[in-house]
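The following pair of complexes shares a single chain, chain A, combined with chain B in the former and chain C in the latter.
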Partner chain A sequence: MSGLLVVWESRDVFLWGAANTLSLVLSCLLLSIPLGILSAIVLTEATAPLRRLLAEVVDLLRCVPFLLLAYVIYYGLPEIGLRLDPWWAGLVSLTVYTTAYLAEIFRAAFLAVARDNIEAAHAFGLSRLLLYRRIILPQVAIMAAPVIGNQVITTIRDSALLMIITVQELTFAANFVSANHFTPFAPFAAAISLYLLMSFAVEEGVRRMERIRTVRYG
Partner chain B sequence: MTWPALRTILDGAVVTAALAAVSILLSLPLGLLLALLRWRRIPMVAGVLAAFVSVVRATPFVTLVLFVFFILPSAGLELEPVPAAILALTLNTAAFSSEIWRSALQTFPRDQLEAATAFGLSERATFTRIVFPQIWRANLGPLVSEVTILLKCTPAVAVIGVVEITRAAGRVGAETYEPLPPFLVATLIYTALIATLVRGQRVVERRIARRFGWVRP
Partner chain C sequence: MAEIDAAISVRGVCKDFDGFEVLRDIDLDLAPGTTTCILGPSGSGKSTFLRCLNWLEEPSAGSIRIDGTLIGRSGEGKAARPMARRELARARTSIAMVFQHFALWPHLTVLGNVIEAPVHVVGRPRRQAEEEGRAILARVGLAEKADAYPHTLSGGQKQRVAISRALAMKPKVILFDEPTSALDPEMVGEVLGVIRELAKEGLTMVVVTHEMGFARDVADTIVFMDGGRIREVATPTAFFTNPQSDRAQRFIRRHG
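Here is the complex of A and B:
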């Protein structure tokens, strides 16, 4: 019981941690979804050298553990004269990493859009911008929703690693409270329930998209 | 970077490889067992396992590591950092790989199962002779992806004091006051390890294709 009391008394720490996790993940998504779409467009449309270069970069990023990328960015940016505080370094590494995965997801989703749709759009004389905005992206948003949802959950999980470069997010908060009050169980249980809550929210979003899909496409 | 520093990181690489190997050997069979248990739809058990999988799926791996390392002692199970790391890695990968095995079992063709029953094969023989040889081949790709994810999870066990690649690199960085070079070396080692695994997957896939002619997509 005392554990729960400790969690309640240090609720400020938990709220601050949860706010940091949420702000990191949301800013990361706001940046990496457009960047991922852009990279996927380059991966499908650009000329061979540029396309191959980007494909190599994406594959390389997908081989690197997130924590190592965070370390390299956290320690590497000062070397080129950019001193960022942990939160910003965390955001940069989270965004770079998530963009690589989203680029692959969007590329696969672009390929899955039926060819005849695109040919019809060309036949109607749609510009490339309109083609993506009106024909491809709406279908991709609905079709790729479950995979994107998975990636968002992975991003939430990855954000916890940023505690190691001293970002004060949710796991940092749990660790801090448990170390200061010698009650290991309750703080971590509280953090895990907050993470569960976030992933339920993502899954609910995916379910909404799926409902739209069944309404539209049966 | 000096030679001893490089040696420290390479020693860390051996630890990482050993951790990953042990956890793979434990977690893939455990995942299969979980999937088989869920496949049989035993009341209660199925619900508990489903809850376990969704909790592990939502919990960040570092949080899981800290949980295992700091909570289990209060339940009377004192673990050294290395066993705790193996336990956390195994729980995590077993949960994720059980989903791969489960979807493979669910989409397994019914007619083959019925044919096996018609031929009077026991449930065990059906599994070892008919189901398993096909599902591992068909799911090699997703399983290897899961293993690469496991390798990418291992840096997180540095927080409980296991000296693997990342922690070794951190030490070297702390001694030389130049953290960037050791971390770049560490990144290279991880990339090499993961690339080797993926290459290995391609080799096995080619062997399978040559021997069986066709892999169920």
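Here is the complex of A and C:
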């Protein structure tokens, strides 16, 4: 009972933490979705040197544990004179990491768009911009929604690791409350519920896209 | 026929895939307002030739003019240079195509498919494009399907949507790449019926087909291809009653 009371009395800390998690994840998505699409276009269409270079970078990033990437950006970059405060360092690491995964997701999704669709677009004079904007990306959004949703949930979870570089996000807030009040269970349970809530929101978005898919693709 | 008056004028078109010659030195002039059927055995290069006409396949040599305008390359002979992508896209708006497997855009409704290029490529006002699109759909008997998605349609209906999509461009030429080959037999008639109507209205059409009866009835000109070359260009009567080459005679005996 006292645990719940502690959580209630520390609600400002939790809200602050949740707000930071949300602002980090949303900013990350706002950046990494366009960047992921651009990278996927380069991976699909660019000439060999550029394409191969980007493919190597993407592979490398997907091999690095996220925490190490955050360490390098927060603790390592100051050595070359680039000092970011925790929130920004968190955003940069989260964005770089998520972009690498989304690039692969979008690349695979582009390949899944029927070739004859693309050929018809060429035949009817659609420019490359129109081809992506009107034909490829809407289909990718519909067909790849579950995979993209998964990645968003992964990003939400990864953001918890940013407490190690002192970003005051949700896990940091839970840890702070539990350490100050010596009640580990309730604060962490509260944090978990808030993470769940965010995941539910993502899943609802995915469900909507799947309904659209059922109507349009059968 | 003077080259300049032809709706489609082809000179010296060759195409090879990795050294394998698919088209050899093709010359052809087609008059505006006529329907041309391209016949020939499989592998004779008919579809490749058709796809060269709107540069979906890039010829290795030669030139193609649609209504007097060069497609795919600017300048001829030594001055020939690949067209800028944007220029090619603009040129393609006057050449519509109907594909064997329909190639409709599955995320768009029937009407969405029909108005996509007129609105976004040609820049027609949406309201006008929708009105025109609905009128075209009514003409091919699909007025009530305007808001349906392609996956709910039969093959014959899909192909009629694809024809509507082509008509909506108000093109100078429509290319049909085996428009009935992917259809169940009972749906072939409805699609050929639509093409037949269009032929009566004087559109310029080029149809690659295996439907001999259709070619005989509807075509103004038969082009017979074999081994990557044009072997005969004739009226249907001349072609079917008195084919000049051995190959054409054998082909007609087998398919006619």
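One rule holds for everything that comes next: the second predicted complex is superposed on the first by the 218 of 218 C-alpha atoms of A that agree within 3 Å, B and C clash if a C-alpha of one lies under 4 Å from a C-alpha of the other, contacts with A are read in each partner's own complex, and residues count from 1 in each chain.
One rule holds in what follows: a residue touches a chain if its C-beta (ideal position, glycine included) is under 8 Å from a C-beta of that chain, and two chains touch if they have at least 3 such contacts.
It should be emphasised that the depicted structure is a prediction, and the values quoted were computed from it without experimental measurement.
The superposed arrangement places chain B and chain C next to each other on chain A without a clash. Rounded to the nearest 10, the angle made at the CA centre of chain A by the CA centres of chain B and chain C in the overlaid structures is 110 degrees.
Applying the stated contact rule after C-alpha superposition, one finds that A:27 touches neither chain B nor chain C. In the superposition on chain A, contact is made by A:79 with chain B only, not with chain C.
Using the contact criterion defined above for the overlaid structures, shared-chain residue A:119 touches chain C, although it does not reach chain B.
In the superposition on chain A, contact is made by A:164 with chain B only, not with chain C. Touch criterion met: A:66 reaches chain B, while chain C stays clear of it.
With both structures placed on the common chain, the touch criterion links A:175 to chain B but leaves chain C unconnected. Here chain B and chain C sit at a least CA-CA distance of 25 Å once the structures share a frame through chain A.
Shared contact residues of chain A, touching chain B in one structure and chain C in the other, are absent. Looking at the complex, you find that chain A touches chain C at residues 114, 116-117, 119-128, 130, 134-135, 138-139, 142, 215-218. Across the interface of their complex, chain B is touched by residues 60, 63-69, 71-72, 75-76, 79, 153, 156-161, 163-164, 170-171, 174-175, 178, 184-185, 188, 191-192, 195-196, 198-200 of chain A.
On chain B, the positions that touch chain A within their shared complex are 54-55, 57-63, 66-67, 70-71, 73-74, 148, 151-156, 158-159, 166, 169-170, 173, 179-180, 183-184, 186-187, 190-191, 194-195. Considering their complex, residues 54, 56, 85-86, 89-93, 95-97, 99, 101-107, 116-117, 120-121, 149, 151-152, 165, 169 of chain C touch chain A.
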